[in-house]
Each structure stands twice: as structure tokens, then as C-alpha cells.
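Read through the structures below before going on.
Shared between the two complexes below is chain A, which has chain B as its partner in the first and chain C in the second.
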Partner chain A sequence: MDKVMSNKKIIALYVLPALLVIMAVVYIPIILTAYYGLNEWNGIGAMTFIGLDNYQALLTDGKFWDSAWHSLLLAVFSAASLIIYLAVAMVLASKIKGANLFRKIYLIPMLLSSVAIAQLWLRIYHPTNGIVNSFLESIGISNPPAWLAEPSLVLFALFIPILWQYAGFYILIYYAALKNIPASLVEAAKIDGATSMQIAFRIKLPLIMEVIKVTIVLAVVGSLKYFDLIFVMTDGGPNGSSEVMASYMYHTAFRAYDFGYGSAIGFFLLVICLIVTWVIRKLTASKETIQYS
Partner chain B sequence: MFNKKWTVLLLTLCLALVAAGCGSNNSSTGDSGNGGSEGDKVTVNFMHLWPAGVSAGQNKIVNQIIEEYQKENPNVTIKQEVLDNEQYKNKLKVLSASNELPDVGVTWAAGFLKPYVEGNLFAPVDDLLEGQLNGKFVAGTTEAYAIDSKTYALPLEFNIAPVYYNKAIFEQLNLEVPQTYEEFKTIVKTLSDNGIAPIALGNKDRWTGSLWYMYLADRIGGQEALANAISGAGSFKDESLVKAAAEVQSLVDSNAFVKGFNGLSNEEAKSEFLNNKAAMYMMGTWELPNFTTNEEIPKEFRDSVGFFKFPTVEGGKGDINSWVGGPGVGLFIGENSKVKEESKKFVEYFVTKWGEQSVTGAGVIPATKVDTSTLELPQLYIDLFDEMNQASSITLFADVQMEANAAETHLNMIQALFGKAVTPEKFSEEHDAAITKGK
Partner chain C sequence: MISGATGQLQEGRARSGNGAGRKLGYMLLYVVLIGVAVFQLFPLVWLLLFSLKNNQEVFDLPPLSLPMNPRWENYEKVWSAGNISVYFLNSVWITVAATALTVILGSLVTFAITRMKWKGSSFVLGLFMVAMMIPVHSTLIPLFSIFNKVGLTDHPISLILSYVAFNMPITIMILLGFYYTLPKEVEEAAVMDGCSVHRVFFRIVLPMTGSVLATTAIINMIYNWNEFIFVNTFISSDMFKTLTVGVQNFIGQYTTDWGAIGATLMISILPILLMFLFLSDRIVEGIAAGSVKG
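Up next is the complex of A and B:
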């Protein structure tokens, strides 16, 4: 077997199908998108090559930077919420009663489709019959806001279902990582007289640091290119106050029929995601990986 | 995005299966040896947007027409592909980019149509209009599909937008149908004071608010001022149009629209009206079935729906018989279709049959002329139908009229105007800028 696997031709043969597929559905479209971004194109007729005009326009496009700001806010909130997920996962992993049940409960939103979640939360936020406003009225608040129609509130109102949607996913990752820590380490610490706080911060956290780094990248990049719930729940409105980069790209390309500019936004979004990933990796890089075994 | 990718993938898979199924079917009938007596077997691909779930009435008619057509022309198979409204628009876009449009499909008028025509994707249908269908269409409907004096699609529906109101609520509060805008404002105030939302409006969809602005602009500035501004010959900075925009904001200030209207979709707003929570609702005549024949809506409610024309504004130039509306969807024939002649025949047949059947079957108003006197129809339908025939002018929906880019600006500005995020002056400026840029 070793012989077969060291044969370069065989390796190529095994890798090739997957490589071709990923080229066809990921890399070539990316290159094409970058190219479309250099053109003025309505998606149907002929393209006119205009060089970097689209990208130049993008840099001074106030609407785009507004949407980028909204995406960034979402990324910050997602990253911050990881702390809560981690705490929940720690509690669940510490053999409490019903941990199994809770784990499943947290995971359920993950299993729902985005559109179903959106419909659900549209009803929760409904300005007159929604559960949120009904509750607020019942405790005596006379004129609760229309959550999805108030430009200053809508973005934060949207963050809640978005964060809720992914909670189970991150909790599951942390849970699995924590379960991977050898029980002997924890026991040894206990014998040495460590408190549970110390065990959490000095033993468990350092050991799952690599996983935490990955989740930060996932959460931030996932937020930067986020689209689904916003598209269904507010469509970027009102007045663009919940527009994120991906929805702005969609609106430009598919509503305003400006495929050239839309492609430029798409490619720029990719570049931003790459840069952010690189920065996060740099910032979180540690010289040594901690091991206690 | 992830979800979408899967949907597309699944869809493609389904299509592949369907195509494979049809393929084997064809060959088996070929084997049975029908010979050449009936001519070659032809398949016409027809893509439309009336799924059985959402538009049951229309879906039934489509299937009925296709069945009849296939019976009369045994060598033709009509293959349907049905999508939801928004999905349909996206799919059409994608298909056109790869030059794989269906032989026959559904399109919208004016601004929507233009890029397709410029891309040489739709075939002109003037020969059909001069043939059997000559004089069958309601005046002003086919024109909306014409670019550079050639017509590129045949309209199926024709719509105008009245204000529907809940007679029961009006009676309860002793309100009368308004004749002037002042009376209208009094009604709004009375309703609002009595804790009933005066108007159901789902402005997340934006074109819904555009209707209100268009009517105010029409009644204050007259039909021409608005039409010129949209075409670029005039300006949105016209005093009367700025005044219309200001009037929209004063309606918002007087709590005329349901709470949170900028965050509600049209469907959500409609349900406020259907549940007696809002007293008025401005919408196209395509909603008629819901107020007349749709069994799913309580009869008690359907009987209490009336309509009125948007009232005249004192000192305004508009005429009460001037409407906002226009043809809905029409049928196009793919320029690159391999079965163009067959497709044309089918479209001709479809348009004629649709006119006869959609009135009773779906309760919509067709673009072809219909004699309603011989048919038994709901009173609301007949009244609106008569209004349409008396219309002094019909202004096409602004977002349909404008080019995609300008339409997008218009719709965004509408939402901002209703949300009081822009001043009427800024609203007008942005419109002019977008329309000039599009030229």
C-alpha cells in the first residue's frame, strides 16, 4: 500500500477528480467573477471592458461601505458571542444532568432551514401581533417599536436570530473539543487541589485553543459573507439600514442588472474575507502549542 | 447562499430526470411507428410562474389550455417548467446569460423587457398581432411591450390599482367613500382615532408604496407631469411632484399606514386587511379573486369589500378617472428557439384561450377584449372592469416603466421617503439623477 501511495501518478489519479470539480465550481468562477468586475455588463448583452472603473467606484461608494460596516458589526457580535457558546459548552461538558438533552435543544436551530427561521422570527417581531411586542405591551410598555421597520434597531433585531441560528453549531464544536481532553488531566489537577475555575482557565481553555482559533475565523468570515436571514427578513431595508455586503452584491447584480459592478463587489468581498482571515491567523498565532501529555 | 446552491443543484437534478424521462418516452412512441403522417414530433418548452400552490386558478387554466392544444396538435408536446415569481425572474436571468431561454416564457413589460430585447433574445411578434389577434387586445396593452416600434411579447393580464376598503368598518364608523383628498384625510383621522389602522401597506416590497406616491403625483401634478418625469422629458423636481412626495410624508405623520409598514411584506400587510385589522388596501386588480371567488377567505369578509377611486386633490390637475396600472405579465418567444413557428402558434392559441377562460376561471382581467355581459361574474369584478373601460388614462407602474437601475433607485427612494429618511427635495433629486444616468 505504501508503495502505491508514493507513486506520483497514482496520487495524481486520486486527487484529480476532486481537483477538477473544485476548479470548475469554485476557482474558475472566482476568476471569472474578477474578470466580469472589469466590465460593464447588464448580464445579458455584450460586455464592455472598462478596466478598474468598477473597483474604483466601489472604493468611494458610500452604500457599499455602509453595508461593509453592518457586516463588520455582525462579525464583531458573532465573535463576541463565541464566549457565551464556550461557557455553555463547558457547562454541558461537565457531566451535568440533562446535558445530552440540552445539547440537542441547542442544535435544533442548526437543523432548520434559514427560510424557516426567517419566517419564524418575522412572526416573533411582527409589530402588532408578534410575541415580543405582545409581551412588551402586557408589561405596560405602551408603544413598543416595530423592530424590523426602525432603521436604528433593525440590524440588532436581526443579529439575535442570526446568532441563535449558529449557537448550536459552535456549542457542538466546543463540546466535542472539551470531551477530547483526557479525563486524567482534569483528575490530576483536582488531586493537586485546583478549583473548577482554575481547571477551566488553566487546563481546558489552553488545550482547545486551536479549536477556538478556527471558530473565530469561521464566525468572522461567515458573518462577512452573511446573506440568508437578512435577505428574507428585511431584504436589506428599511432604507438600506440592514444591508450587508452580500445582499448589496445581490441587489446590484440581480435587481439593478449591473452584473459588472455586482461582480466587482463579490470579488472585493472575497479579498476582504481573505485579508481578515490572514489577520486573525496572525493575531492569534502562538509560538508553541500547549500540550500536557 | 449555501441553501440556494443546493436548490439549484436539486433543480438541475430534477430537470435532468424529467428530461431523461421525456427522452425515453419520445423514443418509445417513435418506435410504435406513427409514421410521418402527423409531421415531426415537436417539443415546446414553456416556462411560467403559476405554481399550483400559489396561483391555483391560473395553474388550472394553463394546464387546461395545454391539454386542449396538445389534443388539437398531436405532434406537439408542451413541456412546462413552473417557478415562483422571484425565482422565475432569477432563473430567466441565468438562462439568458447562457443562451438557454425556453421557447415560450413569461415576461414583464417595458424596463424589464429591454435588456432582453437588446440582447436579441426575444423574437418580435408583430406578425401575430397583424394576423388573427389583430384588434383583440385592449388598447394600450401591447404598446407596453414594444421597443423601437416592434412588439416583443403578448400581454395576458391587465391591471389597475383601486383602493379596496372594508365596508363593514366604514359603516360602523359612519364613513362614506371619499370624493376628495380632504375627505380621505378625515377618514384616515377618524379610523386612526378609533384605533383601527387606516391603510394596510407592506412597504418592505417597495413597489407597494410606489403606488401611493404615483397616485398622489397623478392627482396633484396631472398624468403628464408624472409620465414626463419618468421618461426623462420632465423632472421630478416639478413643484407638484415634490408636493406629492411631501404629501406622502404627511400621510405617514398622520398614522395613515399600519404600524411597522416599512418592515412588512405585501403579504403580511394584506393579511391585516383580510383580518379586518386595517380598513383600506391599495392593490392591483390581480387581488380580485381574493375578494370575490376565493373560497379560502371567509365569505363574510369577501362580501364586505368595496373599492373606490383615488380621490382628487383640490387644486390638482389630476382626473379621478386616471389610473395607475398596466399590463401584468406577457408571453415571449425565444429568438433562438429551434421551434419558433410552433411556439408562435402556441402563443397565439394560448393568448386567445386565456382571455376566454381567465375571467371566470381565475377572476383576473385579461388583456384581450372580453364581453362580460354574457358571463356571470361577481359585481366587484364587473364594476372594476367597467371603470377600466372608462379610464381617461392609465399610467404604467413606475418601477416597470423605468430601466432596472433607475427602478431600483426609485424603489429605494420610496422606502426612504415613507420612512422619512429623505426629504421630498432629495427624493426628487435622486430620481432625476438616476433617470439621466440611465439614458
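Up next is the complex of A and C:
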């Protein structure tokens, strides 16, 4: 048995195809990104090695830090909105008929492409014919704002479709976690006279803490690399007021043909994502994991 | 099982708990849940309605009014004009090809990791899992230049390879959970009888994983169907573009024709909506399985 199941040729045959693809498409490009960042390069001609100049320039590039700030804002919004999702999931997981149908309906936007969502919300926000402004006008607000053209509003306006897209996903995760809590625990607490608030905050929340941590990482890292929807809806505008890190990278490389600097941004994005994942994990690491069941 | 029993128990309590206050509380909860559902569905209903109107009807009628005569010709128009039909077929075959490859290669890896004995298996598994944390955007520039060098930009293979690589981690993760629960006795007996590893894998193990294969395939299809940035970066010819980028370009040309835009968007999301209608349980299961351990 062992001899058959440790045949090296067969193992290589089974593992190598996938491993080669992931090496070629994920790991080698990551190393190349870091290296391209050390060069001046327009993407076609010869590379000129310039050492850390690009990375140094990045540190003082106001546009880059603006885009990083926008990404951070989105991350904070996303993390904060987890509270709403958690609340909805708590309602859904408590004696609700049709809970299964509700969570499926909530999930639908998440299955659609960001491009379709972006195009749809472009119409929703349309200054004159969109439903948002039609509604505002019908209740007597004349001259409602052009949501995506106002530098001060655009990020908030963009966050609504993001919320719309991901709400069902997080509600689904929380719902599944809450349903996994053993009923006996909740029953025991009830018999001891705990109120439903106490049960929610003292029993259910601590029990799904692991899942909450994972969702915080997903929401924050997901926001840091957010791209498609913003690219289609505003392309970073107006005047850079919705530029995020990934779109700034894209514009630098594929519009301004500064592939060296674009790569430096791409590498920075990777490093930030890894650091943030690690930091959130550390910050939210509990000293002891609660094991009731 | 457990959650079902809880539900019944809790329902029983709810019924025994009397009082109008309690009922009012429930009403309020349902109002919240229905409110969220309306928020989630409303934009899509509005999209469906304006895809069946012409501009005059979009601008003059209230947003949720039904058009007098649903203008299905919007759909005919965009399907034949532009290249929407080409984009659609590209999306179909590229999605299917990438999904099939990912699921097969992922199964082979998962089998080798869970069933075969070799040094470095946990390291290799780690490589696949860490890849999940790497942002697509950080690989975009080098991928573009690599594909350029080997002549694969503006070729569907660049897309298929990228989709296979970036969906491999989540595919393996979902498969792993299932492989660990599969009993090994049948395989052990088969090996004792002199069955080859290939036979064990293709004839015994793979057929047993049918349900989880379906789940991973669906998740892969949704991701591939919706993918945008690779197509937008690698593909320049209309004949290879998929729906996401095609729709984006097409709408760019028809910015003022709301009916055409609506119809195009509806065509692009319809396959996913149909799949959801018939396979929602599996999709829910796949998304839950693929996320929590992340």
C-alpha cells in the first residue's frame, strides 16, 4: 500500500501541472514586480536599473498617498458595515421563517460581475434620470447633487454599491456561523434567566469570534485591493478624488506607460495586504480560544 | 440536523410566549429583513424594467412603471448589433475551459496531498494556500510582459492560465475539506487487489467527489464569468473579448440609449441568475465553504 501510494513519478504527474501554473502566474510575477520596481521602464523598450528610486519616489508621492487614503477609507467603511451585516444575520438566525429564502435573495448581487454592477449603479446615480435623483426631486429636493462628480461625495457614493454587492456574502457567513452554535448553550442561558441581549453579546458573539476575525481580514484586504467597480464607475475621478491604490497602479502602468513605477506600486500593494492581514490577526488574537462544544 | 431541531424548539417557545409586544417585535424584525431584501432586489427589478423601454419611456414614466409594450427588440438589437453574441460565446467557452482545467488539476493535487505519502506535501499545500492572499493587481504588470514575450497577449490562453492559477487555491481548499472526510477503506482494498493509482483516482475517488466537484465548478464558473481586469489588460481584439469587457466597451458607444444598455446588462447577468435559480443551495454552500477558512 505505502509503496504504491508513494510512487514519486505519479506524485509529480499529479502535482506538477497545477504547481507550475501557479508558479508561473502567481509567484514568479510577484518576484518580477519587486524587480521591475527597481527599474525605469516604459513596458516595451529596455529597462534601466535605477535602484530604489521608484520606491523612494513612492514615499513622497502625494497622489499615491491620496489613493492609499481612499483605500483606507473604503476599508474602514467596509469593516464598520460588518456590524450591520452581523446584526441582520443575528435577526435571520433567530426563529425567522423563510430565513433561507432571505439569505439567498441577499446573496444575488454578489454573484454579478462588478462591471454589470458598476454600469447599473452609474444609471442609478445618473444626475437627471437616475432613480436616486428622480426620487429626491419627487420629494421636493431641487438640484440634487451629481453624486459621482462631486469630489467630496464620490467615495461615499461608491461605497453604497459596494455595500449592496457584499452584504449577502457576509450575512451568509455570519448566519452559517450562528447556526453552528449548539442549541443547548442558548437554552441553558435562557433557563438561567439571560435576556436575549445577554445571549447575543455574551454567548453568541464570543462563540463566532473566529469567523468575525476572518471577515474583518476579508473586508479590509478586499477593500485595499478594490478595483473593478471604481475603474468602471469613476475611473478614479473626478480629479483623482476616488483613485485607489490598484487603480493608481493601473493608470501609472497602462495609461502613463511607467511600468517601473507601476510595479513599485504593485509591490507596495502586496506588502501592505500581507502586513495588514498579519496585523489584524495579531490584534484580534484572543489569549484563549473558547471551546464549549 | 441540530439547527433544524433548534428551530422547532425555538418556534415552540415563540408560540408559548404570549403578548402583543412580542408579536410586534417579530413584525419589526420582518420589516427589517424585508427592507434589506427590497434594497437588494430593487436595482435589478429597475434594470429589467428599463431594459424593456425606450428612452422616452425611461425619462417620462415613473421608474417602476411597466412599459406599455415591452420592447424585446432592445434585446434583439444588442444581440445582433455590436459583438455581444461573440462576447457571450467567448465568455461561455473560456469559463467552461478554465473551470474544467481548474477542477481537474485541483483534484489531482488534492488527491496527491491527502492520499499519497511524500516529503514536502505540506509545503506544497502551503504554497497553494498562501497564493490566496496575493492580490491579482500585484501580478498584473509582470504577467502582461510575460504573456507579451511569449506571444500570448491577445490570446485566450492568457486568460485561461490566469483563471486556473488564481482559482486553484480556493478550489483545493474546498476539495480538501471533502477529501479528509472520505473513507479510505475502499481505496486501500483496491490497492491490495493490485489496482493502479490512476485507477484508484479516476475510477474510485473522483466519482465519489461528484457533489463537491459540482460545488467547486459552480464557484469557479461565477468567478470566471465575472472576471474583468485580466480581459481588460490582456485582450485587445474584439474576437477574443468576453462579456465583462465587451459590455463595458459596447455601453461606452451607446451611452444615451438606456434600453440598449439595460438589455446588454441583462444578457450579461442572465446566465448567472438562471444558474442561481436552479442551483442556489449549492452556490450558497460553495460560497460559505470557500470563505470562512480564508
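In this text, the second predicted complex is superposed on the first by the 271 of 293 C-alpha atoms of A that agree within 3 Å, B and C clash if a C-alpha of one lies under 4 Å from a C-alpha of the other, contacts with A are read in each partner's own complex, and residues count from 1 in each chain.
As a convention for this text, a contact is a pair of C-beta atoms (placed from the backbone, for glycine too) under 8 Å apart; a residue touches a chain by one contact, two chains touch by 3 or more.
Just so it is clear, the structure is predicted and the values come from calculations on it, not from any experiment.
Asks: Kindly say whether there is room for both chain B and chain C on chain A in the superposition, answering fit or clash.
Replies: With chain A as the common anchor, chain B and chain C collide in the superposed model.
Asks: Once chain A of both complexes is superposed, is A:V115 in touch with chain B (first), chain C (second), both, or neither?
Replies: A:V115 sits against chain B and chain C alike.
Asks: For A:A200, using the defined touch cut-off, is the partner it touches chain B, chain C, both, or neither? Pick first, second, both or neither.
Replies: A:A200 sits against neither chain B nor chain C.
Asks: Taking the superposition as given, does A:I208 touch the first partner, chain B, the second, chain C, both, or neither?
Replies: Once the two structures are laid over each other on A, A:I208 reaches no partner at all.
Asks: Check the residue A:G237 against both partner chains and state whether it touches chain B (first), chain C (second), both, or neither.
Replies: The first partner, chain B, only.
Asks: In the overlay, answer first, second, both or neither for which of chain B and chain C A:R255 touches.
Replies: Only chain B is touched by A:R255; chain C is not.
Asks: Examine A:S94 and indicate which partner it touches, taking first as chain B and second as chain C; both and neither are also allowed.
Replies: The answer is second: A:S94 touches chain C but not chain B.
Asks: More chain A residues touched by chain B or by chain C?
Replies: The partner that reaches more residues of chain A in the superposed model: C.
Asks: Can A:L148 be said to touch chain B (first), chain C (second), both, or neither?
Replies: first
Asks: Once the structures are superposed on A, label A:F227 by its partner contacts, choosing first (chain B), second (chain C), both or neither.
Replies: In the superposed model, A:F227 contacts both chain B and chain C.
Asks: If we overlay the two complexes on their shared chain A, which of chain B and chain C does A:G43 touch? Say first, second, both or neither.
Replies: Both partners, chain B and chain C.
Asks: Quick one: which of 59-67, 95-103, 221-229 or 293-301 on chain B sits on top of chain C after the fit?
Replies: 95-103
Asks: Which positions of chain A sit in both the chain B and the chain C interface?
Replies: 43, 113-115, 225, 227-228, 246, 254
Asks: Where on chain C does chain A make contact in their complex?
Replies: Against chain A, chain C makes touches at 2-3, 5-7, 9-11, 14, 29-30, 32-33, 36-37, 39-41, 43-44, 46-47, 50, 58-59, 63, 105-106, 108-109, 111-113, 115-118, 124, 127-128, 131, 133-146, 161-162, 164-166, 168-169, 172, 188, 191-192, 196-198, 201, 222, 225-229, 233, 243-245, 247-248, 251, 258, 261-262, 265, 268-269, 272-273, 276, 280, 283-284, 287-288, 291-294.
Asks: Quick check on the complex: what are the chain A residues that touch chain B?
Replies: 42-45, 113-115, 122, 125-128, 146-151, 154, 225, 227-228, 234-235, 237-240, 246, 251, 254-258
Asks: Which chain B residues qualify as touching chain A in the complex?
Replies: 1-3, 89-90, 93, 96-97, 115-116, 118-119, 121, 203-204, 206, 258-264, 268, 272, 277, 404-405, 407-408, 412, 415-416, 419, 421
Asks: For chain A, which residues are in contact with chain C within the complex?
Replies: Spelled out, the residues of chain A in touch with chain C are 1-2, 4-8, 10-11, 13-15, 17-19, 21-22, 24-30, 32-33, 36, 43, 88, 91-92, 94-96, 102-116, 119-121, 123-124, 129, 131, 134, 164, 167-169, 172-173, 176-177, 179-180, 182-183, 186-187, 211, 214, 217-218, 221, 224-225, 227-228, 231-232, 246, 249-250, 253-254, 259, 262-263, 266-267, 269-270, 273-274, 277.
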